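First the structure, which I've put down as structure tokens, then a few questions once you've had a look.
The first chain written gets the first letter, and so on, giving A, B, C and D; residue counts start at 1 in each chain.
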Amino acid sequence: MAPKSSAGKEKLLGDEDEVLQAVILADSFNKRFRPLTTRKPRCLLPICNAPLLDWTFESLALAGVQEIFVICRSHAEQVKSTIAESRWSKPGSGIKIMPIMTAKETFSPGDAMRDIYTRGLVTGDFVLVMGDLVSNVKINEVVKAHKERRKTNKDAIMTMVVKESGSRHRTRPTGNSSVFVIDSETSECLHYEPVMGYPPTKVAGIPREILAEHPEVEIRNDLIDCSIDICSVEVPSLFQDNFDYLDIRRDFVHGVLTSDLLMKNIYCYVAKEGYAARVQDTKSYQSISKDILSRWTFPLVPDNNHPAGDVYEHRRGNKYIAKDGSVVLARTSRIGNNCLIGPSTQVSEDVQITSSVIGRNCVIGSGSIIDNSYIFDGTIIGAGCVVEHSIVGAGVEIRENSRVGKGCLVGDGVVIGPEAVLERFEKLSKKRETGDDGEQEDEEEDVDSEEEEIEANQEDSIKAQLGSDCNAIVWPREAPDEDEDEEGVENYKNQRFLRLGLAFSTPSTSFFFCATGDDASDLEFTDEGSLSSDEDSDSSDEDSDSDANFTTLPTSSATSLTLENSTIVAASDAVAESEFRAEVEQSLERAFAEGHSVDNAAVELKTLRMASNVPLSRVRESVVSAIVEKIQIVEGGGVPQRQEIAKVINRWGPLIDKIGGVDAVETVSILQTHCATSERLPLFAQILVALYQADIVEEVDMRRWHALPSSKGAGEEPGPRRDGMKKCWDVGAALLEQLSQQESDSDEDSEGDDDDGDDDEEEEDEEEELRRGPRRIEQLSIIK
Amino acid sequence: MASDPQMLANQRIVEDLASRLRRRQVVGSRQAALETLLVLRQVVSRARFSNVDQLVDVIRSVGRRLVDAQPKGRAHSFLYEYADFNHGSFITGTSEHSVGNTVRKVLHHIREEYHTATEGSTPAPAPTFSIAKFVSQGQPRKQQTVQKNDAAKVPLKENDPDDPDSFARTLKPVLMEAIQDVFDELETVYDNISKNAKDHIHSDEIILTLGKSKTVESFLKAAAHHRNYTVIVAETAPSFVFSSFHDHGLTRHFTRYGGREMAKSLSSAGISTFLVPDSSIYALMSRVNKVILGAHAILANGGMFATSGALLAATAARAYSTPVVVCAGQFKLTPLWNLYHEYGALDFGDPSSVLGFEEGDLVDKVDVVNPYYDYVQPELLDAFITNYGDHPPSSIYRLLKETYDDEDNEL
Amino acid sequence: MSEPSKDGPPTPLSSSQPSQKSMTKAERRELQERQRAAKAAQKQQQGQGQGQASSSASSRSKAQGAPQKKSESGRPRASSSAAPTSSRDVGGAARDGSGGIDSEGPKTRGLRIFSHFGLPKTSGHQVKGDIHPAIIRLGLQFSEFKICGANARCIAMLTAFKTVIQDYTTPAHNTLSRHLMTYLSPQISHLVAARPMSVTMGNAIRQLKLEISGSDIDLPEQDAKDALCHIIDNYIRDRIIIADEVIEDLAVKKIKDGDVVMTYARSSLVEKILIRAHALNKRFSVIVLDSRPLLEGKTLLRTLTSTTPPISCTYALLPALPSLIKEVSVVLVGAHSLHTNGSVYSRAGTAMVAMLAKEHSVPVMVCCETYKFSESIMLDAFGKNELAPLKFSPPEAPKPHSNLEVLDPLYDSTPPTCITAVVTEVGLIPPTSISSIPLALGKTSL
Amino acid sequence: MSDFEIFETYQRLLKNEELSTPLAAILALTEMIEQSRAGTMFELVKELKDGAEELNLKSPNPISLNAGCELFIEFITLFPHPSANFSELKTELIRQGQQYVVEALTYRKKIAELAFDFIKDDSVILTHSYSRVVMQTLLMAHRRKRISVFVTEARPRGLGIKTAEKLRAVGIPCSVVLDSAVAYAIDKVDFVLVGSEAVVESGGLINAVGSNQIAIIAKAANKPFYALAESYKFHRLFPLSQYDLPSHNPKLLSFTQPRPPGMSLKTQSNNASEVNPHQINQEQIAQNNPDVDYTRPDLISLVFSDVGSLTPEGVSQYLVGMFAG
């Protein structure tokens, strides 16, 4: 650019002293939009007739960003070329946009971040957004705030922008939202808990320390995570250091907040003004389209600042008609509210269009009904068709009298009909002509292979429905197997909550707080369970009604103190825990079987623990129990039995202390509780002894344990369990007797004393779930 | 052409302003006017032209680009072939009309300067005379019109092939002055409007005003120097008020009730002020002596766009036959009509200021309407107080003819 | 009409005071108070050094000092409402204060114009005479706007009176018909002190008085009381409940398929009508207009959208009216009271909706039971109005000071010319002919 | 010059559908100039004035025609004529006249373009009687926008029906409204669009009878009332009331004396033809009624003309400029 002009620009722009950089992760790293995204990256899917990426650019431009890196993976070439052609690369756009092609094997945002690090793209604080962001939040103000904070606190590495919304907001991803725990004054994000639709997250766990340290916290389930992050330079490096960070929220944020090693803090910026949301699944695609049409994104609206540069006329009732006069609306056609009709589209007689978006050069045949659907460019819909709650790709042809049920995704170039009938949530894509294999980019191989296999198993029964001259392949309703083991948000069942065509407030995110952990809670649990099971029958309509009976997690703004307490009481995530147990057992199984070294096993466990956030005690429990179970019960007991025990303990005992943090007392009580219920009850004494001999448990510990009221089985409701506990305790007593005889009285006393001293601090950890509640409440009420 | 670095530079600054207009980062009609002027100044200073038409074309194209930045500013493109006969008919919820107006104004000045400059130097070519022209001579300022049209036809002396820039060289300084004049006008607009405020507001009067208009604000404050009177300010929800223009609107703080800002500033200036909700305008109108409004744009028929709520106030005022006075700088004169005579602006804001985004469940079920402007018919207005005297709505049309050249109405 | 607030804690004190005289008294009080405040302000003049805050503050203390002296009582308050109330008093006092600041001419006059709106009600106001707990509770609910709206208030009051009457025992040497009223009056004036009496309440009370005085002396007390309660029940039933049903029927007939109904703020009656129409599966959409101070429209919006399927609603604030009126087919509004000259006294803003509707020849229907009729003429809403308590003005609104005063009038009056029809239980009638309905005049006994 | 029959010429010219009366008049006058043997400007102007007068007298509804003549003659008088030989001047004038007419024929298009913007999609338009420029506007609008039209029947000549037929032919939904039903229909209408006989100095409008009442009704329902007028219909005339129009004569709206039944039917009053004295037939009514009426400027929202869309004030400014300027 000519120096003079740039000078002029300076004057006009009034730039901040340093250039504001942004990084766009232009890849979804998931397959929610398949098959629409088989031949096109998600970030180029149009929403309201402009590619997502353009919306994102515009959003950033709105916020005064001047330099943008676009990290693209799948279909990178396409993205690159589109950017090159777009008006953004014209002079005067005032923004520098650089597409970065990342490696094919970048499979997660985490990898992308690592890539950013290795390339050393960013120089200062930068804005990190996804390639599917639509926003009018004044990010530059957030950046200011962030910079301010950095001045005082170097460890404030990141600021997440979140938007206040009702807990039932249409734009709130139902299957994939999150609970934020925020310090009211500093707005530091203290804890992050992802919330899933399936398995339905029922309880949010908040580490007790948080409440101890922070006088006032907000626990909020009413925030939309805009995934606009203001990151400082460290962030990419952090990813580099922790190879296992995949997802930015679930791994990175969660990791940073929970980890006791890297002392970094993350802050939240609760956007009061402005709008921001991500098109992260077909459902949010729908709701965001609606938000755009109802102008929440102003000035980023079709009639004012349409990213694709089209000009639309805005009519009352938020109807947008392309303004170049190329649209043909038959006189008898009825355009309902919240509609967008693209340039040179033809709408024939008696067509009814309600809250839908029609792309460019489309033809809607006479008498068709388009309801809540999104139709991309150049699609032709024959006469008398019905399309509802679906997304129809570009260049699709739906022949006359076809019916597209709710939640269908029809890939580009598909031809169906006439008289085709698409069931709900059907997914179609175009059969690949052998021709286009050549130009298929290699990175799509996996895609293609998948397609092939799908193509392979097409039943003709379905094909019959799709009408004579159909060129489509139907995607399996059940997700391919490999998706099944995708834990977390990506699991198939959860996906269903992220799908278009579901009534928007599904009860899946319903929460409740178990009052101090009594049976009532279990009742609730089963109740929840039954619910989620009935959801399995995709009955979206019922869902919407049925949700009345569920309490959603209140926002702390509304949360009274007591409620907060109950939250903590609830702090045990049944689901995650059971999963975790299973995994620990598996890994130990392997360890035992393949005879790993104790250290390796320990490492494995550690990572496991990191992955699914569970307190150390859980790990210990599982380990102990696993070891105990490992011990074969030798008939007749006696010496062989003792040897057996000794063998196991000596081999694996050390693991108990290697998993991080030694706490013999807990070990013992765990052992006790375990034995109490297992058929290895008789072995308790011997195991204990073995532990003692293996120096895993000291006498002191045993005394402490013994001193615990809980060890006596106090608070246990009578039953086999209690008896077991009692037995163990007696055994323990006997054991101690023996030991004490070998001890001098004096030091015993002294020990006894400091035992009592220590008890108080340690009790906390040793308490069992059930006894925690009230105790904590006291503590909290002290704080308040 | 575009290869020329100068042109490139021009293009860049134009694009820059355009995009900022589109993003509503330029705030307030006056601000927009000023920025436009800045751009035009640079454009002219860089532009290379060897006769006035080339220059005019350059400026027009810039103007068109800027107006296009606000899509609603334009109607269907196929009309433009008739631009010169088309004495303006497009409207527009354009965010800022003052952009187009400024361009027109500059064009007007340039032509005038040109004519004065060419007086004598080129003998005015014999006026061809036809009935059509005879008819159109009905317009004021016919002399220039005639000459200019001819100037356009006969090849100008200036563009001599061997030194094409000579013309530009000679003319540029004058043009710069011309632009400077427009600049000065904008600079002084508030003072000039408020200079005889005291003749409009008398002691003991009760004035009703709406929202936050800088013009009205300064007007009232000026009046307060000489008079003791009371102002009732209606909150005018949810009108935006941009209380800071720093780094060009990038940080724009708006309050949702412009009236509150207004009330604060007036009362702090020692005027006894009452802040009332919009709902009570009618109830209080019976005690109001005068309604003073700001305008967003003054239209060719003497009507205006003003912050939404103005129409209600004006109508209520008529019910009690209370005079309605509009304070506005002449840069708001817009040679356009309100198409469709429809609800005021076709410019609708975002719902958030009406119904909070956090009202999650409602958001999905309810349509929210949040218009920026009202269209107020001339019948409801009594007078315009501008920086060049006071005018009744009926004479706005003539005023327009004098301020702009007809062929510029459609840029 | 508005008894100024002389406040203290709701601790029962004994100094009863007849409501009839309260009017004049109120004004006298205000006058005194203004002079007092003015003095205060002038003192400020001398020591002008410290800015508005202190001035208004101290003048506040003065202004409030006054009532305290009158009603010897401490200052502890229902903490919930204390904050807004006191700050509101600042406003009240400051208004007069600035009056003092330049005693000559306009400002004082400008202020005097609004002074008759009366000082806004403070909650938990002082209790004079032995007030029945039910009434005290009611008083609080009124002043806190917990119970709001002509009908609601009237019903609430009558039901409260029932308990009062039941708990009432005629003192010796006295008859119920004579004494009960004198017993009720302080109760009433207490309510009035909480919030100016609504016309509906007035009418009901008048009827009640009539009945009481008419009640048979020979009747055993309990029977007499039961009789009265029964009468009250009937009144509520006939004049409000049934009336509403009739009105619903009438109004619903006027809503046709495809209509766009516009309403302003929230009237319980209009709400019922819309719900009913929806229940009859009429396909219509609603435009809810709304405005500060009360923003009642949102409540209405919730009710309407919570139906299944939700009624399609459009929500906008009052200034957006011109953009919407074009597509409206009928305007439905409620009323606070109806006056002899046909003007309708209703939530502030209604008048403008009606006005613009008339401009665009959209029919305006006011839904209003006949018992809301008041035998007075209302030319404009300026003479008689009520201010919303400051708690309704949002935090970001500027705080009042010497030059700035925040007024939130609650009502305005719609001239009959802007009203197409009044829907009453006796049918659709033009507003002006309301006075010719015997029922409205309460000619018929309960 | 006696051999030149201006009125016939005029009639002949009017055969051309496209030619509106003022243009026809102008052409007629140009032909007159050709014929004329006038030696001086003064004589020529005199002849033309006479010719105009003749047309005025002979044609039933002279107003718009006058506008044309007036314009042309005014133009000629104002025409700067260097004292070159007179015949040249005449040819020049003739050229001017014809050139103008040619040019003027494009005006309707321009006006249509102007008005087009004011017609929003889906709008309902009320128009009155038949007007070429209105037709052209509607047709153009129809190409891009969905419009529907109410047409008044426009008694007595019933030209509204002609409009309706033409519109139907091109597929514009259209329904004929009784002149007496306008008030009934007005609420369904978005705006009123009428042509014009002439636009007068007050900014008011002279048009087929009924326009005035439509304007009044439109005002009452506050719907915009647009008039379309080519600039050659600007007429220097300032009617103070309906009865101040040149077209007004005492016969209009006269009361026929009720005659006692016994009296003989033979009278030379205009109802001679009728059999039963009390029976009233259409043409009788027609005769007794005006063809045009005058619409006050304050009832007119805008006047679209080839010189731009003007407020009524704007129109008078043009006229003043032309004739008083």
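In this section, contacts are C-beta pairs under 8 Å (C-beta built on N, C-alpha and C of every residue); 3 or more make two chains touch, one makes a residue touch a chain.
Being a predicted model, the structure only gives us computed values, none of them experimental.
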Middle chain, criterion being Cα centroid separation: B
Most distant chain from chain A by Cα centroid: D
Between chain D and chain A, distance of the C-alpha-averaged centres to the nearest whole Å: 75
Euclidean distance of C-alpha centroids - chain A vs chain C, Å: 52
Inter-chain centre distance, chain C versus chain D - centres from mean C-alpha coordinates, in Å: 61
Whole-Å gap separating chain B and chain D, where each centre is the average of the chain's CA atoms: 37
Residue numbers of chain A (touch at least two other chains): 316, 325
Contacts with two or more other chains, residues of chain D listed in rising order: 144
Interface hub residues of chain B, defined as touching at least two other chains: 76, 342-343, 359, 361, 367-370
Partner chain D, residues of chain C touching it in the complex: 359-361
Of all residues in chain C, those that touch chain B in their complex: 98, 102, 104-107, 109-111, 113-114, 291-293, 298, 301-302, 305, 310, 312-326, 347-349, 351-352, 355-356, 359, 380-382, 385, 396-398, 401, 403-409, 411-413, 415
In the complex, chain D residues that touch chain C: 187, 221-222
In the complex with chain A, residue positions of chain B that touch it: 5-6, 8-9, 11-20, 22-25, 35, 38-39, 42, 70-72, 74, 76-78, 93, 95, 246-248, 250-252, 343, 346, 348-352, 357-361, 363-364, 367-370
Of all residues in chain B, those that touch chain C in their complex: 203-204, 206, 228-230, 235-239, 255-257, 260, 263-264, 266-268, 270-284, 286-287, 307-309, 311-312, 315-316, 319, 342-344, 354-355, 359, 361-362, 365-371, 374-375
